[in-house]
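What follows is a set of structures for review.
Next, two complexes with chain A in common: one pairs it with chain B, the other with chain C.
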Partner chain A sequence: MEHRLARLVRPFAVALAAIGIAAGAVFAGQAAIADTGSGPISATKACVTDATTGCVAGTLRDDNENGIKGVEVTLANAAGESDKATSDADGRWAFKVTTAGPYTAKLDPGTLPKGVKASTTSVNVVVTLGQLRPAVFQLTGHPAGSKNTTQATRSGGRLVWDQFSQGLLLGLLLALASIGLSLIYGTTGLSNFAHAEQVTLGGMMAYTFGIALGLNIIVTTIIAVIVGGVSGYLQDKLIWAPLRRRGLGLTQLMVVTIGLSLALDYVFQFFYGTAVKPVSTEVEHITGPLDLTPTAYWSMLISVIVLVVVGLVLTRTRIGRATRAVSDNRALAAASGIDVDRIIRLVWIASTALAALAGVLYALVNGGIQWSTGVQLLLLMFSAVTLGGIGTAFGALVGSLIIGVVVQMSSLVLSSELKYATALIILIVILVFRPQGILGRRERVG
Partner chain B sequence: MTTTSPRARVAAVLAGAAALALLVTGCSSDNGSSSAKKTDASSTKTLAAAKTCADGFDSSTTFGLGTFLPLTGSLASLGPAAVAGAGEALSEINAAGGVNGTDACIISTDSSDASNPTIGQQNINKLLQAKVSAILGAESSSVTENVLPTVSAASTVMFSPANTDDALTGASKWYFRDAAPNSVEGNALGSQILSNGQTKVAILVFNDSYGTNLRDSIQKAVEGGGGSVVYGAKGKGQEFPATETTFGSTVSAALATKPDAIVVDAFDQTNQILPALASAGWNMKNTYFVDGNLNDFTTVAGIPDLTGAQGSVQGANPSDDFKKKLDNWYAKNQAGKKITAYTYGAESYDATIILALAADLAGKSDPASIQANVLTVTGAKADGSGPADGATSCKSYADCLKLIKGGNKNIHYEGQSGVGPLNAGHDPSSGYISIYQYEGKNYSKFITSIKGSGSK
Partner chain C sequence: MDFISSLFTDFGTQILSSVTAAFAIAAIGLNLHFGYTGLINIGQAGFMLIGAYGFAITGRFTGNFWLAVVVALAASVAFALLLGIPTLKLRGDYLAIVTIAAAEIVRIVGANQSLAPWTGGAAGIPGRDYQGTFIDLSPLPHDGILQLGPFHYPYSQGDSWWLRIVGWGLVAVIAIIVALLVRSPWGRVLRGVREDEDAVRSLGKNVYLYKIQSLIIGGAIGAVGGIIFALGQSVQPDSLGRSTTFLLYTVLLLGGMATVFGPIIGAFLYFVVFVGIQDVVSATVPSSIMNQQQVPEFIYILVGVGLMLLVIFRPQGLLGNKKELAFGD
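Presenting the complex of A and B:
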């Protein structure tokens, strides 16, 4: 419809412009002021280029980015032919030119409103037919009544703070995502590469229930966490428990997790395609002391609470103690009456449920989820748990915060391309000096 | 299009045999109409899709087009328009009597994107093994750069409707394109930003040859016109990785430079960048889009209102008639699915017709014969040194075919996309860039069309 309208209107606009030019010429003939509109130059409302028309155009704005109306701009060529345009309510002015070559656009400072100054009043342009040539007049100041519509200004210190808050957010979400990785390693010794897909699964469930089925976000999150937990239960029942019974070595088990990871990636691609799937319908605004949206604050709070609860459960409850006993010495734990398989299954359920929660929150604060989101996070997750001390709950938190903050703040001084590299280099350096990780051994919980 | 029933295959073989028989008996001027489908009311009727090529078809007698377009991946939103463009062109070709009297057939494959190179490589091998006459694709410049060595080594024509990377100019004698290179688009978009009175420009660019090349030409235009690029400029290392999943930090770093305008120079990442920009309080009307992400976001959840934002795209504004044709074709042949962005639809249509006409001119549809005649049918001299003298213009496949059958070897196919004759680098010698403005979440307002000359 719009295009058809545009097509209908365009000939009229051209006709009107032509009448305008004719009228201008008649007026010029009568008036004392020589506004000739002569030769190849003619002022116009909106210039559209074609094979025989070039455009010279610009927009005059004050420093609040509001258009300035009623300013006169003259375009002239070397032969002395010229025309005058007056800026419209948006500050726009434009000329049609039918001969290629050099032109000079001059702004009449006398027509600028009070409070606005032009640092340049003359701009030279070379016109090519069929092309648009912008002419920029640098203006400073603003007239009375011009409202500030520009961004809130950010100082250099503010930028550091912004990046720090982004780092904190990434760190806490990473911690939530990687705690399960650490727990599974702690109890079974397995490095689960398919953990990344558990994170993606959470995000995809948020899309499925929150967007595709339109459920409330809290309900959606609960469903996603349940689906995540169920997937952990089924995995352990159908894959990991039988493999454990058959006494498969850890290396082989790890290869199985890699295979499972790739298989799940393709399953996600099959069901959801490769596009980014949105999980939130609302656009939020950044508020509060950090450079973050309300959802991000909630996500960080949830992450901290969940991590503390997991830490307390491990250290203060019977199940937690049993879990630690299994991880320290499985045979001894079994001999002292602990149902080892049940504990391991519980750990799988908790780990995958937490990963799903992390997936929902990550998708919420980052504007969507994709089949590869988890995979992109996997190496960061491994780095975070290794850095913090693999197998420990609080280690995952400390490691994740370091990785998150370093990744986001490194772009202040280094190329953005290197941001993930920086985190991994720090990991290597720390491990060289402290192979067990920052909190390894000393506070070993899992 | 997806399945070929045994009966259809038999019919195709029979039709091919019949056409061949006619050819053998020397009935050269009438064979077109005898194998032509129905009436010549093709322009109003929605045509059925061309058939999938039979296994082991002979590409020198049957024009078999292999499409290599993004059905998945970060450019998937642009896939439907190209699929419909190529599909409609093949349907029209067959309605006009086919290529050299035989109905054209198609093998359609997925190019995916540069982050999933195995999919593209696998499908290119599939097309090369099927010995197609020519390959239409890819859309992503990076994907083309990945597979072009393989395609060139197999001596097969590759014609891209959408590659805009300047580095692909003259990349191979087998490679052609009809999209205006980035330099043309960047120049137009940069000029448009400045003429809107915005001089401090931040560019959110991803690290991919498409993104950085376009960035370079936008930057050149902005700086050449008296503006400055305050974020994402060349050599600053502010490009984000193509696999990035979190954009809060990129956005706040860009906003910290206090830009007047932000250009989002990315593909699918745009869906995550836009909410992040809106969250940070950015006035969306000062946002600019490029051809890789100038989409209709109406059905995408979580995208802010974009009214006033502008974007550039290759090609003149496709006519409403042409858009409707693509819509109808796609709805009919893709189970009622809809096209959301028309970007590169016209270019795909033109590329398909140019390839078919080249085969008609050669009298054979094997890759080498097509390769030797592509420049000629676009109205260029055979060596690409300039427009051919006295070339006869024709606007549709049927008209151009009539000229060729009439013995005219000097034609100029003027297509829907408005590109000029191809040059020695196998690029269009000139092309149009259109600027659109968003109303709500769709780029429905056409602002202007700017003609620019291609590189070199």
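Presenting the complex of A and C:
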């Protein structure tokens, strides 16, 4: 199964590489910590505080919220010592200082681009060692060519449209990840709480092969999907199949997935640390009718195609029909000559491979991967499969799209972190009014 | 020899610790859910966090200790109702899904910067903001440090002897209450629900109501654990996340489900094994192979694997009875 996926992904991944994917300016910035002076005040690219260092830093933005490059800022102390920093492409500038006390940051208005005016050119700050002290210069206007990219200044309709397209993107990636969750539930009855880690695994593989080993994105994606599929194969071979033969109850199996999830979370932390790992090094700009980055368009296209293929496999092929037969009635499927264990193994492989693909694309679209990325998505995945009808592949698709769009749209009125709470509310409402979900059948509810 | 004595000192420190008491209390609550009633609550850390927030926020703004406790318990009851009412009529895994999601939501919402005036955002609420009223209740001297053998803690301030006495006192009281509850006719119905819902229903009992009661009581006990946890340190959303719930399952399965002493023995065992491995690994594995931060991560990997092995090979734990498990199919 993972073979089919790999073949499918390859042409699009080639195109991805040609386009030149990207996302993490932040990481590039972090990577290049360089000092330019050694006195009590020195300009630096990114200031890191410690017991003997304080920081003064700021970001220069025009009224379109775009960073302004090449503006000179001077920081001086009372003794007259000073250094000069120049803002980078994102408008950031920073100094590190080694003595506490009052400092004055001055902006050179002559270096501002045409069209931008500073209403303040001098800011006084008091620095404490070990802390970062922000200095804010009020700037108005914007230079020619500065595009309006901020959401705050956009008109209402535009904002709604943006959130809708973000939601569509989230929904498609969610569908990739949660179809596997639903298929495993359908064929084995198991709610796999370790499915989130399969998504993280995909993203981590994208980091490992794409960034750490520097392979190109096509190869990286293929490897990540294969690693995901292999992990599913091994899991079923080494853990789930033997436990099925042992006759372990579903509750017990669920606790096993909890243990696995705990172990994998810390395996990621052990090997990759807790920080966000970049999966791409280029900066992209939003474009096109949906106001998304090129990577996001490609991710959506790949998701749609993979989802269509999964749908065709499930409805048109022998294996797909056998899978649905096992979901409907395992004993009957076995009696009619279907090798249930083989189907379940294929489902594990396909599910984990799809989750890995979702992880790669999610990491690409969001700029990076962290040990907890999958865990955060798990919430949305469970909401999606419950909404669509747990155990049904198409239900997971429908549920994911709805959850993706609704959750993303909710950030129009709520703070964006609280969007997860929206998913929980949907989940609870669904369980009250239609526990079997949109496409589910009543008898599954119990 | 030094290593051995410091190892045993570490064991003692960990067993006395208010964190161990908080885990034991939360595990007793989970035992009522999972061990006695068969409810798969994968959000016990959410109940703890709700309790900790309810207590800390109320304590911080009103300065009234008992009001803070009442608010914490009321919040956990409301949380239990919110999660229980839609799911307890459905099959078991719906409760599992909703509780794991809800616990995560509590953590995410708590860490959200827009609520920082109340919750302190991701940094949380520092202990000194709400510990004062608890310290005032202490009959011990308010200041100073008491040394007993290798253990020296403040009398009443912060992570104190006073907190240890209250924490372990509560462990005892709650264990006794739960023991009496599960031996009562009410408790027998709970076990009946775990073994065979339909049989209990045919006896004319309202299974749904019993499940909700169990969820509420166990959740409130979890909130008490959260208060003890918060009194020992600070309220930090990330310190009571998903993995805390998983650790509580490990504690429960180590000691033995559906037993009175299981959760308590389990908490001792869990922390002693954790500290033991930590000390041995720190002393033997060079830091070039595993740095200071990686040691606990390594142990948590072992805990996860241990939980899998435990539930597969010895689901009754140390004290449990194999016939008394929530693992019926």
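The rule is short, and it goes like this: the second predicted complex is superposed on the first by the 284 of 446 C-alpha atoms of A that agree within 3 Å, B and C clash if a C-alpha of one lies under 4 Å from a C-alpha of the other, contacts with A are read in each partner's own complex, and residues count from 1 in each chain.
Keep in mind that, in the parts below, a residue touches a chain if its C-beta (ideal position, glycine included) is under 8 Å from a C-beta of that chain, and two chains touch if they have at least 3 such contacts.
Keep in mind the model is a prediction, meaning the values are calculated, not measured.
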Which of chain B and chain C A:420 touches, first, second, both or neither: both
Partner chain(s) touched by A:299 [first = chain B, second = chain C, both, neither]: neither
First (chain B), second (chain C), both or neither touched by A:428: second
Partner chain in contact with A:221 - chain B first, chain C second, else both or neither: neither
Residue contacts with chain A in the superposition, chain B compared against chain C: B
Partner chain in contact with A:276 - chain B first, chain C second, else both or neither: first
Partner chain in contact with A:58 - chain B first, chain C second, else both or neither: first
First (chain B), second (chain C), both or neither touched by A:162: first
Footprint overlap on chain A, comparing chain B with chain C: 269, 376, 415, 417-418, 420
Contact footprint of chain A on chain B as seen in their complex: 72-74, 76-77, 112-113, 115-116, 187-188, 191-199, 207, 225-227, 237-241, 243-250, 252-253, 255-256, 258, 260, 268-269, 271-276, 278-283, 286, 300-304, 317, 320, 323, 439, 444-446, 448-452
Interfacial residue positions of chain C with respect to chain A in the complex: 38, 40, 42, 82-83, 85-87, 90-94, 96-98, 100-102, 104-105, 108-109, 111-114, 242-243, 246-247, 249-250, 253, 294, 297-298, 300-308, 310-312, 315, 326-329
Residues of chain A defined as touching chain B within the complex: 2-4, 6-7, 46-51, 55, 57-61, 65, 67, 91-92, 94, 123, 130-136, 138, 149-154, 156, 158-159, 162-163, 166-167, 169-170, 211, 269, 273-276, 278-286, 291-293, 296, 362, 365-368, 370, 372-373, 376-377, 408, 411-412, 414-418, 420
Residues of chain A touching chain C in the complex: 191, 193, 239, 243, 246, 248-252, 254-256, 258-267, 269-270, 375-376, 378-379, 382-383, 386, 415, 417-418, 420-421, 423-424, 427-428, 431-432, 435, 444-446
